[in-house]
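First the structure, which I've put down as structure tokens, then a few questions once you've had a look.
Each chain carries a letter (A, B, C and D) given by its place in the written order, and its residues are counted from 1.
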């Protein structure tokens, strides 16, 4: 009983938050609404017993990603509200609602066979985190490492792209620019 | 040497062409003529060594290419394909010999030699895939000849020619693959060899579908009625040599393929589709003849006239009896010679006046008497005057088809009338009347180089018209082979009725021809 | 009233729809990124729900990897966005059409 | 004996090739003399063969070589010299020798002299093939060869637009008839298994009458074209564009009679189908009257003679149709002689009057051109059928045949036409040779033709007179092959009344023509006189408006139709569809390019639209898969 109330509460809240994030013209409101939405999603995870996942969600998503966006937003002059050239709304709303309807119809009418059996069955009594750890480092080791490398690459890309001076690609510059750059460097730190 | 003669006939011009790149510009013409003459002599030797009372394939060669799927390089020649090969060699020789001044003639001669290879290849190939290979390859040199040395609209014409024939042959390829699949189902092993396919008896519905598939590929090449619009553009824009080879040899691939593939492989379908195709052929004959009559440009007249003659050939082929098919094969060779000569003649006048509009000429008979006489002879041959080569073919084809249906032959017979109308009115516009334009007043008559090409053609037109026996005998022998094969293979009752049973009447033949002696 | 798998799936579909609306409506690229985040999260919910109701941890595994990917995607996306901003000092979607077909 | 056969056949060909050698070079006498000499040789060998066949009665049948041999078809180059063909050979060689010699004089100012003789000898060669061949295919070779040579000769003066147009008209009209002939040949082959005369005619009695009638009709269509019978007759009048020796040889004696020869040669066939024979006879009678009426008013000397040929051909077909083949052949022979003479005489007059053809502009030429005057009068008398001359024996015989076979309608028509023939032939003679010298008004001073031309014409004159005498000998020879039905009127009284009656009628017609056209006050009619605006006169002068009808409704219609076929159908529809398909591909490419407009949101919209489409498909197929049972039952209910 308790679980149902929690589910509906959080469901309503998430939908409201995301709706605000999508429709507001103020960038700030959008960002904060999005962050709140993230939090409520992690709540779902906890309800579903995926504790570690909920934690990760909060830490990575709400924390890091939102922080990144915040910094990003500060960079772009998003203080004044964003004028949106409104394409004809009908198509947008129509299409997405139709898509939603379709998916619901597919899910509701059990067309998809329900004879999926579990590959890595959850054993009761053991903490979720422990289990996740076990499977993550045994069965999914390779994807895990790949994910690590990917994150590394993303980090370096982020630095290179966003770095102040680093957007002038050395190869594309012609000699004169290179010379001027060199003098400036000498001036800055001789 | 003799049992590999066919492969030599195919690949000798190709090698010579590759070597041709090395030969320098101003001696390329003699090099080309030398190669073509050697090729022609080889072809004559083939004819000399050909034993004309064997109805099956001779000089067979077989090399495995893709054993897994039974695709092997099988070549062989019989009465049907022998003379078209000789014609191809002959036309390439006189074509190269009588080439006028063209820009970068070196590449032209090399392309012609490649074209020679593909032409011979098509007519000797007995494996479906090898046949398809040469069939596609023959498009490429022709594309260059029209595209590079053609008239103002050459790109449009050559691309249209290429794509049109290409799509047709794709459908044909699908047909071939299906055929191979049925063969595999029936006999368990893969084979694309034509002679194996001859022994395969398919149920009627498959035969009909496969016939239609092959029909598209061949009909565009012939070209038959709805698919003929590429020909006037191709001829209109092609240089003289291109038009000559296109009209003389390339058009024959379609009708030859009908006789080699469609008839023996699908006898019941051929009978089933006989009437629709006959109606198409009649439309071809009368419709294109009337269109030819409305033309302003002499080359278009000759182009449409060749479509009209192809109509008679198709009619002869689908007479499904010995006289009809022999007549159509003979008419192929006849039409090759006559329309080749006519295109040469158009080339001669084009080199002098650089225009093909009939209104530009008038009263040429008094200015160029020799040219007028040769054109007159060729005109009479193309109209089908007896004692010329065309008459024998047309007579036999119409005679053959008369057995199948009287009314359609009566309609097809109007070919000789409508043919006479447009040819004579073209001749009158160009040659009769008073010389009106002063550029025509002192045009030089036919010179030695052009005569080198035209005199042999005229001699053949008269000789084969008077004494066609040396050609008719081997053709007749091979056609009897095919007709007996068709009769035995045919399942449906109607097919048995339509395709005459040769060996049953064998008694009749000896009796009637004996008594007539 | 028992909460079944369908509820979660319906919920994630709604969120997905909202994400789609966002993606299609927004002309500002940054806002567009927000919408993609919503899409990813809605998928995560369904993953977690399915893994919970079928007692199988694979769902969660996927959820983790989705989060990892989302993070790196945002990093690179923002980087590019900044570079674009430096060059054109606006991040309006309509004049980013150099990749015309 | 074979030697004579081959010389008779091939000497004209040799003559033609010899003359062709000098084709391009200007006039050389040799190119005229040698072909004429060679034709003389051919004449001599034909007479030897005639004597052989006449005396010993056995025929020659030789096969030179095979022409076509495929399947059951076997066509050799075979030649037969039997009674019928030897008569035709005599006629052809004799008339052509005379015409050749005459032409040497007639054409000597023409720069195409050599070319003319090569064409003329080529014509005689193809006529000989036509006559001597022993099978239908050989006949067809000669048939088309003759058509080709007539095209060459009519269009000899090709610089004249009308000549080349007439040549094309003649060739195409003959071609139309040749199609009928071809179909006839196919019918013969497929029903009797061979094209040889003897084999085919032997197998014919066993066939059913329907096929025989069809064979008869188709072969007659071929004959109609060549002999210019009713629907296909306009080319003969226009063929007068050619030089006069050509008209004399081709359009009087030889080519036009090929049709009659065909009917006579296939007499065994026409014996079996009498109703077709009756049709031929009635058509012949109609054409006789039809042509004679047109000749009455025509103002061109050569066209009048052409129409009289047409009318005489009608007579021959009438005789052949009624089963009297030997009478038709006899009339053919006699007619060939005096008609050729008439034409050559006309040639002399034309030369004298510097190519002026209108008889009203001549008059009183008898004093100046004594020889031609005598010859043309004798020829006209023979044509009219007055007693001692050839015409009486052949033409009156045809009247007797019609009378005996109780076809009184045909008899009446032929009798009336005989009167018309007498009238217009003597209208011509009177206008040209008698009456007041109207040519003086036009400042022409005529002169007689060369001496040797008149000498060349003399054999024809002689034959025109004595041809009747050969009837008896001719009859015994020819009837060995043809059916020998004797035509005797039962009671001698009616016979005498009939012959005397016709003679009187013809005599009266001649007298009337003379009186009408030798009056002093004849002047060149200039469209004012009452007679000229009368409806009948206008109808006849325009040849019953048939040439106008052909030109307007057939030739022009054909030209417009082909124009439409080319511009509309070939370019717009057939070519249009091909290019249309190419354009469709091109256009769809263009329209779909909008999708990649580079604008992210539109692209995303398209993406979502795509997913929605796929989802809906998934839903549809899912539902279909689930409820397939019920759907099938509903569909079968609907009877699909």
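Following the convention adopted for this analysis, a contact is a pair of C-beta atoms (placed from the backbone, for glycine too) under 8 Å apart; a residue touches a chain by one contact, two chains touch by 3 or more.
These numbers come from a predicted model, not from an experiment.
The set of chains touching chain A and also touching chain D is given as C.
With centres taken as mean CA coordinates, the chain nearest to the overall protein centre is B.
A separation of 35 Å divides the Cα centre of chain B from that of chain D. Averaged Cα coordinates give chain B a centre that lies 67 Å from the centre of chain C. Annotation: 94 Å between the Cα-based centres of chain C and chain D.
Distance between chain A and chain B, defined via averaged C-alpha coordinates, is recorded as 71 Å.
Within chain B, not a single residue touches two or more of the remaining chains.
Looking at chain A, residues 87, 91-92, 95-96, 99, 103 sit in touch with two or more other chains. Within chain C, contacts with two or more other chains are made by residues 20, 24-27, 94.
Which chains touch which is summed up as A-C, A-D, B-D, C-D.
Contact residues of chain D toward chain C in the complex are 593, 595-601, 604-605, 608.
For chain D in complex with chain A, the residues that touch the partner chain are 601, 605, 608-609, 611-612, 615-616, 618-619, 622, 626.
Listing the residues of chain B that touch chain D in their complex gives 160, 163-164, 226, 228-230, 287, 290-291, 293-295, 321-323, 326-327, 363, 365-366, 369-370, 373, 380, 385-387, 391-392, 395-396, 398-399, 402-403, 406, 409-410, 413-414, 416-417, 420-421, 424-425, 428, 431-434, 466-469, 472-473, 475-476, 479-480, 502, 505, 508-509, 512-513, 515-517. By the touch criterion given at the top, residues 87, 91-92, 95-96, 98-99, 102-103, 105-106, 109, 111 of chain A touch chain D in their complex. Within the complex, the chain D residues that touch chain B are 23-24, 63, 65-74, 76, 137, 140-141, 143-145, 148, 151, 155, 158-159, 161, 163-165, 168, 171-172, 175-176, 178-179, 182-183, 185-187, 189-190, 193-194, 196, 199, 558-559, 561-563, 565-567, 569-570, 574-575, 577-578, 582.
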